[in-house]
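Both complexes shown next keep chain A, but they swap its partner, so chain B is in the first and chain C is in the second.
On to the complex of A and B.
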């Protein structure tokens, strides 16, 4: 059944094929064909696949989401979009999957820094794209990667050259403006040796059903330091599939903060390959309400010795929402002296909310330090009583603790405009709980 | 102010307190001492309204009202303050916010308007100085990452800001080094007044060197087995708890 429905997308492919970028580049054509073949053979992932057993994606097969064939000329509600454009950032904006020069704000970026639409670069300097494209993730990873590789229409290319310190974050803003739209984007982010930068991926869209399928490949080269935020605030009717695939070279540092708030059905994959003595921090917060399904999948591959990884994912699920956390840490045979900690904590606020959590450790080396922990539960009664004994009524105490649980992840954001936006999005999701900003 | 009469309390059908009688008048300081497992903490929990305790007999009145009928937050707003033996860490809620929220709930409870932001800040800074705390503590999450001594100081800070009528100190001295103990004791002494009463629960006599009690009671096997003046504490220190425990058995 899966394969059959997937073929609806495959059948449509011939209509868009000619319009896709990079048609004159043999390496890209070949890759797209392989990806298409891969996708046609497997279809979208099914519950039978271990990595997808908690997330049923059949509804995106029922709806046939259609990609735009060229950039939109439609007017966009700029006042609404302004809420998501962060101050003190450079912006590269993708509308329905295509770069919008009009909405982007790249004035004053240092001359040696490249922030461009992927299409533009495929025309101007395809070799630069070729050396990174598909190098952090292969089309065999899972069929969404294959799907993205075959279907992508545009994306962002960001390269911070060696020894460059970017003093403002780069915001990559994905906007979907049409119902039933498929926005497939492919992004490449490269922090060259000793570079230091911050990036913010933001996903938003109109209050309609649409499909965002984004793959971001990230290269953190020797001794570089990259911090990435992903703020997924898609419409509550939307489908979001986003994968971030990271390659860390020797001594590189990478932090990722994943805020999964929107979508009816969202899946996020963060995969990190760690080189010698590199360091990665993965932080995540998923807030599910109503009938949302939020799946978070992380994988940390310790490939070489002395690397350090820290991971904290927290989930708050209310109403009939369902959260999934699958965190896998793999320590290769050569990765001696690995130091890894993984933690997943969940708060269930209603009897109908659900969370499926599966931390996995696979260790093939013998001299390592690895820990993992999971909790699923309600609020700590000792804390509720403590607040009550400080005059706070029980309901408010519970709301404060719920908010505090989530806010712990928000306080890790130092960039003020982003911090305030994320906080506002958290507060927006629990309005009935009377949570206010001065609790901070 | 506080009147405990023949109080019997059980935890999951196991009797812990077996007929406590205690009267606390305004301005008095009572120390309750006793060996481990004598029911000291149970008493403080019952007074502050923690769940899991069943009053099977007797009554507790506070300013003429039945205390056991009130929700914990109502007791707190009415002026009963428990300084915890193990203060709870609340990541994500700042100290200063909790203080403000607590103070405003008390004011609201008494029909007063919310505290003016500037007045609040002035008040709080004064109390912070009194307890020799760093102002930065105010902006940190409640007790998160605080040392044992800092947590206890923070309890006394809350007490100083909320100005309760009845302060219950549950083993406030445990885990404190001598310098921290002095600071905490000075904090307590500075808020003593003819209207404010204290019930200090402690395992050691040491705290009483710094906060002079009017009465000392010895709790053993869920009952007050001996009451006296401050000299009783010294006698206990010398002879050990077995002295009163044996006396009771005999």
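On to the complex of A and C.
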């Protein structure tokens, strides 16, 4: 079945092929063809693949999502979109996978900083794209990456030159406006040596079924410092695949905060390759309600010595939601003095909710400090009792504790506008637990 | 870390002392496996009718299966047609009635292994069933066990004497088609131990089986079935060794434990199959399926294993916690050195209410070895208040080895509490320095620290085994420190 439905997409490919960007560039054409070949051979990942054993994507195969072939001229509800446009940020907005100059706000970016649509750059300076494209992730990684490589229509290209400090975050806003739409975007983010920047990826869409498939390649060059936030608030009928593949050079610092709130089925990949003495922080929060399926896949490759990695993922699952956490830390043979910690905490709130977690350590060096921990359970009864003994009724006590459990990840956000937006999204998902007032 | 390279060389070169071969006349089937072989096997073992069907069913299923590839081990494909599926010491028609009739050379071999069977009767202690290649050679202490109503005999004998009992339970925990190696075992198993503890009986002594592969080019496929009836208790020990040979030998055993209401089974293993030489040549492929079903309420099964041998270990002693309030435990020390590979762990399947499980796993990897913990904790929807605690620690000795931890946690019940913790580190320089400063040699210090690292598991082992395990650990590890 897999190959048959995959070929539905493959069969459609010939129709769109000519319209995809970069058709005149031999390297890109070749890459797309290889990716297409790879995808038509394997189809979308199946449960038989170890890295996909908890996530069944067959419904993506059953629905044939159609890509838009050129930028949309459709009017979108700007008032609604405004909710997600953060103040004090530069915005680059992708509508149905295509750059929208009208909605984007790039006024006043420093001259040496490049923030452009990928298509624009492919026309103007393809060499710059070529030197990074596909260098942080290969099409062999899995079928979604191959799919994205063959199908992508546009994306963002962000480059912070050496020794530049960006004083405002860059928000990359993905919006899907049509039902049954496929938005395949490819983004490149480069923080050159000693640069410092913050980036916010936001995913939103209409209340319909659509597929958003984004691949973001990130390069953090020596001594650069990059912080990325991903706020995934897709519609509850939508499908989301978002892969972030990071290469960290010597002494580079990278932090990623992943908030997986939306989608019917969402899969998020964060893979980081660590260079010598680099540092990486991965934080995540997934809140599942109704029939949501939220899969978080992280991999940290300690390739060189002295790197430090810290990872904390938390999940709250209610109703019939299912949460998945798969985290892998690989310490290569030469990566001595590695220091790595991974933590995954899950709270199950309903009898029908489920969580599957798979933290993994793969270690080939001896002089390392690696640990991981996982818990699945309920709220601490002692804490509930403590609050009750202070005249808080049981339900409120539980709500407070649940909220506090999730809020720990939200408080890590220092940028006020983003913090408020994320908090609002958390509260939207647990209205009965809306207890931010007074005591906090 | 003061030992010089030369000393290390010497220590690594330490002989596998159980690596002798016993010259015996044996009845051995020519290598190969087809339905004919299975029929012959069934015939020669004089088994009841249902077994032929059972074996053939398993064999047919096995033919449709592929050798699993998901484990973190590497080996060349095994030619299952090049293995002989039956090898028995030649003997008189009826087999030994008592120890006097057992071939003295076999007894000599066991003596070398440190289990003098004939002394067992005099020493108060352990009842031993010894399995040599494929057949059970002698079971000591039979009479005393009989008094208590305990059945402890080779499974081939049980099949003849208690066919209904065996039929009822055989394959009920590990079905014939469970996995590739279990299917193969179900088709060709030749012998093993059978234990039945009747209602309310506390087995008066510890039961023990010693396995030994002797003949070349044979595989050992033993089958152990232990049934603890309501309110009973048994502690069972298992040990294994094999001669040193250049080619790899296959060991694919199946162990099934069944604990009924309020019963408790304690199963301890010290596995010391020949691990191959220091270039990774030879050694046993240890592909074992062990599973316990805590079928009754308040039942308890505890697995303790010390894995120091085998070229490859592929083994996941598991507990299916079906009964309410049942308890599953898994304590493991897995030590790999040179080119050994171990992929071992456990599965705890929580089905009943208030079920509890504990997993303590200690992996030590030295030389060029790869040591993997792979475990599954699964809490099904009905398992209210299930509780699991898992702790996996790995110790790395040397910079060419690997230690991996692959836990799987699947929870469908909100009242369940599941905790998993894992750490990987090397022996701390501070600890070593402290010990050396107090006058211990580096070797002794390492040995002490490693023993301390494994203490939580060793304390679960019965006395005799704990001593053996500590000695084994020292022997297998000493050479690798530098």
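Note that the second predicted complex is superposed on the first by the 434 of 440 C-alpha atoms of A that agree within 3 Å, B and C clash if a C-alpha of one lies under 4 Å from a C-alpha of the other, contacts with A are read in each partner's own complex, and residues count from 1 in each chain.
Here is the rule we go by: a residue touches a chain if its C-beta (ideal position, glycine included) is under 8 Å from a C-beta of that chain, and two chains touch if they have at least 3 such contacts.
Keep in mind that this is a model prediction, so the values were computed, not measured.
Novice: Return first, second, both or neither, reflecting whether A:113 touches chain B, chain C, both chains, or no partner chain.
Specialist: In the superposition, A:113 touches no partner, neither chain B nor chain C.
Novice: Which holds for A:375: it touches chain B only (first), chain C only (second), both, or neither?
Specialist: Only chain C; A:375 stays clear of chain B.
Novice: If you stack the two complexes on chain A, which partner ends up touching A:387: first (chain B), second (chain C), both, or neither?
Specialist: Once the two structures are laid over each other on A, A:387 reaches chain B alone.
Novice: Using the touch definition from the top, say if A:364 reaches chain B (first), chain C (second), both or neither.
Specialist: second
Novice: Does the superposition put A:401 against chain B (first), chain C (second), both, or neither?
Specialist: first
Novice: Applying the document's definition of touch, where does A:333 land relative to chain B and chain C: first, second, both, or neither?
Specialist: The answer is second: A:333 touches chain C but not chain B.
Novice: Name the contact category of A:355: first (chain B only), second (chain C only), both, or neither.
Specialist: second
Novice: Touch test for A:427: chain B only (first), chain C only (second), both, or neither?
Specialist: Neither partner.
Novice: Please give the residue numbers of chain A that touch chain B in the complex, ascending.
Specialist: For this pair, the touching residues of chain A are 380-383, 385-394, 396-397, 400-401, 403-408, 411, 438-440.
Novice: Spell out the part of chain B that touches chain A in their complex, as residue ranges.
Specialist: Listed in rising order, the residues are 48-51, 71-73, 75-77, 81-82, 84, 87-88, 90-94, 97-98, 100-102, 105-106, 109, 141, 158, 162.
Novice: Quick one: in the complex, what on chain A touches chain C?
Specialist: 50, 333, 336, 346, 348-351, 353-378
Novice: What residues of chain C sit close enough to touch chain A in their complex?
Specialist: 70, 379, 381, 394, 396-426
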